[in-house]
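Chain IDs A, B, C and D follow the sequence of writing; residue 1 opens each chain.
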């Protein structure tokens, strides 16, 4: 690991910010926050490790489990919270909610309620970069379950064929809702599917943020240099239920405990940086405090924001036509 | 090649029967036969090599280029011709025509106007074999172009996961309509995609009927024994245009000539069996005569058959409901 | 005839069990149906009873429907669970070009006895991609039958009839219906696939509806009948492909007034087809404009305040009744 | 204003060229559009002029439409050719859940200026999977615009307007239309995306139609007008999402009689929506049953004799006129 201190602090900040965001969502859920919510707890190293390599102009597409991607890409916490609260001040003016969170101001092109819905969108976004001669890279996050959608195949083939600057990042968290990855996917390492498209496929420990960071760095750099797409698979684990309220009959409590206790990506990161002493304890504490302040501010912002006006419900069904 | 004489004659009969059928279609097209017709000339070794390993109860799904598969599976020439003529005596009572030719009496579950439409149908047919404890195998023919449909991915993954008795046979004829295989498919050997599903993938010379036969035999046997699906890719070439009437602006005449003169699957077969003397010239001549007789009879049958009654057009929109 | 109170989810589970018991060629697969017995418990315990004939699948909707067609053509009787009907678009080509046409294109050589269970309708606060009623697309597709149960009893009866049918049947079951209670006959229940039912007799006005929304209609009718002391006829379509024209026309010839009400978006909805049928075939009997009630023309927003303003309910039905009963 | 005689295919090619010239963010891709310039020559020479902005694609329809959405969200203006609209079902989820909703779900953050060119209608003797008119599915989808040209001129004008629109537009162009000739204005042609056009003025009766089938309607009208010496008003919808209610209602208020005619299947067709609008909003002006003309409820058979019996034509329009003009 050859990251400088600022980068390390940044990574810690991003991982913990996601974790604390999700914990807050969990606390508020069923009360101020309603509707389906899929939490990212335990998977923070993936979004963080990948997005730490992206520029603001770079783009990402997300999944139904989109909070982590949104924050890692640098989204504003106020607007993110307000959206989950269904408020007019939210990123989507309360039209989207958790499953359709998007933050175009930082290049996050949207969570998606359709599993596998992001493959083609990311591919198209990369196509626009190519057509318009831009240097931006697109990252497409997807789950192990999503890897079995036909959209995966069509998108990756097209991107490979046209050499598009897009990295498909598989968050293989072992489960797709109640279904184990091995019961739905006829291959152990999803990144191995890259061979069917003549592109690179790399599988890494997704709870080791350094491993994710390094692999992503290599692939993103290559894509930016015109070397085309790749698949990066990060093996991780979903600590919470599939959605808030999931009875989780499909797995044992001990399976979850094992990951929680011995493989928490944030704890692993802390252990690693503490071992080298690169970041001091006060600096760590400082990050925590910053996040708590940011959170409290955001929650308050969301709570005192106004709800959308029912009469405006049909606004934005169509975009305004400019005289062009 | 360890095939006995009967089998060799059988193979010759099947390849030539397809060839002569197609030549007849070409002759009649625009006159007695109308509508889109995609000919199989030059690819006879694929359907023949594969179907020679199938039992009557085994099933196949086909493509828009379905005459060859239909005949190789043993379809009745009269009913096949009558269908292309749009007659009531045709396999589909004139409802289907070339693109929807089907011969359920010999397990041919239908040509398909939707490219890639057969993947899932074949997979489902194989599922029924497994659920009902039958020993039949299903073969799914598909083109290089079709290999880029999402249906390919979903079907093969499902078949691999459930260990279904289905062989996906790719007829890689280098072209999908006007588009070269290498301009649409991000991998050179489509069978290599098998790795993404943990199953076997074999690429063979599709104009060498022995190579096709042997590879198919192995895979079909394995599938019948419960060893699951596989992909067999046969590299071949489409001698005729994509459809009858194709201006063929996308390829050179010399490319076609080269294949026609030096790589005709029927000529190659004849050369091989003549070299060993296994089949005598009179036996070869006998096959030719049988086919000409069969053809003439079938054409006459088609020509004197009646056209469907317009009043019956809505028949078969729904199947009759039996009291069950 | 005894009747027992059951929730819709359990009634359809009985249908599955009875038909799987009766016919070994019936089997079912879908996403996440084993471990939690389906999102609404509609497959609870089925895997224990029937083992491999009940399967979890990958997230591969085109494969689920397409393989269903192949399985049916090869002699099976698959029941395919779509998880959410919101994603039925993924499978539209399989439905339109394979499932609906195979029997016809092949001149009757094969048949496609496939049932597609498709939970639809608003899932509160789940926003635009999980709250849709798309049944109108299927009115215009020849070769399929499309039913929409409204009660536990006809849910069971329609599902059993669908499984026994020799034709492909789409079974749209509203997400909010699974927990609805109703009396279900204890003996065999088979509900015909192509018949509407008059669920409430009347003379003043005809309301055509179907599915979960029928409950909203009946609520409005109760209030209106009291207020106007007149009787309103309510027809439960049950099938939208085919639509039972005879029952509708007979009713409007009697009442002379028509409302069609559904949870789906009003524009281009099933109500349009019903209105058009009546405007064509019973025009001379109609005394007032035909009113359609349905959701506004918008994707469903997340925020509850917006959600309520876009969706429709008994209030809108009542307003329509008021217009016609003045 | 000079006008030049052109075939539809060439007129739309001009639209492509002009818009690609005008705006470097416009690009186009589809199956087999480079080498033969598209099935009907509608992309002839475009690759030579614009190079990499004109691309052949794999046979991957979901990717084509889905990538179009992503390309548009990222600032591009893609025109996606669907090859045959018969396969639009493959892309229905991309259309419904991404293309139509992205702008709304994200609270207006992104827009989707995507044009989907979708050649539809009967392709003679190509049978059930290559001869469909599926436009009715798109009437009920909020967030998209859907236009259907009927002449070379409005083909060009609607395509240009579609490319300039900030909303996703589906452009259904009938396969038989590509070779149809018509006069096209020599100067800039822009046709509004949401306006119907009265193409023939009259008082005796209103006929609403659109697309290639408008030609069949005009044929019937010519015969009927001579015979009955009365004038028939013909409205070309041009857009089916939204439907220009105002123009229709104004016309039927004048004529009191309405026929809706299209090549698509009658049941559940666009005609149903138009009939329902009129039965709701102009009921008191209508003097006779509203008649819909469309294809029979069947997949298209291959055999020419059957094909003719299932499809509809000017003869059916004429029969409907006869019913209303007696």
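As a convention for this text, a residue touches a chain if its C-beta (ideal position, glycine included) is under 8 Å from a C-beta of that chain, and two chains touch if they have at least 3 such contacts.
All figures in this text were calculated on a predicted structure; none of them were measured in a lab.
The most distant chain from chain C, with centres taken as the mean of CA atoms, is B. Just to note, of B-C and B-D, the chains joined by more C-beta pairs in contact are B-C. The geometric centre of chain A is 45 Å away from that of chain B, both derived from CA atoms. Separating the centre of chain C from that of chain D, both taken as means of CA atoms, is a distance of 30 Å.
Our note on geometry: chain B versus chain C, Cα centroid distance of 40 Å, whole angstroms. With centres set at the average Cα position, the gap from chain B to chain D is 37 Å.
Along chain B, residues 92, 94-96, 100, 112-114, 148-151, 154, 157, 161, 183-185, 317 each make contact with two or more other chains. Shown for chain D are the residues that touch two or more other chains, namely 57-58, 60, 62-63, 86-87, 90, 93-94, 97, 104-105, 127-129, 142-143, 297-299, 301.
Those residues of chain C lying in contact with chain D across their complex are 86-90, 92-97, 100-101, 104-105, 127-129, 132, 134, 136-137, 139-143, 264-265, 267-269, 271-273, 275-276, 278-281, 283-284, 286, 288-292, 297-299, 301. The touching residues of chain C, counted against chain B in their complex, run 24-25, 27, 52-53, 55, 57-58, 60, 62-63, 65-76, 78, 93-94, 97-98, 102-113, 142-143, 145, 164-167.
For chain A in complex with chain B, the residues that touch the partner chain are 148-154, 156-157, 160-161, 183-188, 192-193, 195-199. On the chain B side of its complex with chain C, the touching residues are 59, 61, 90-96, 100, 102-105, 109-110, 112-114, 117, 119-129, 131-132, 138, 150-151, 154-155, 157-158, 161-162, 315-322, 324.
For chain B in complex with chain D, the touching residues are 34-36, 86-87, 92, 94-97, 99-100, 112-116, 145-146, 148-150, 176-179, 183-185, 247, 249-250, 307-314, 317.
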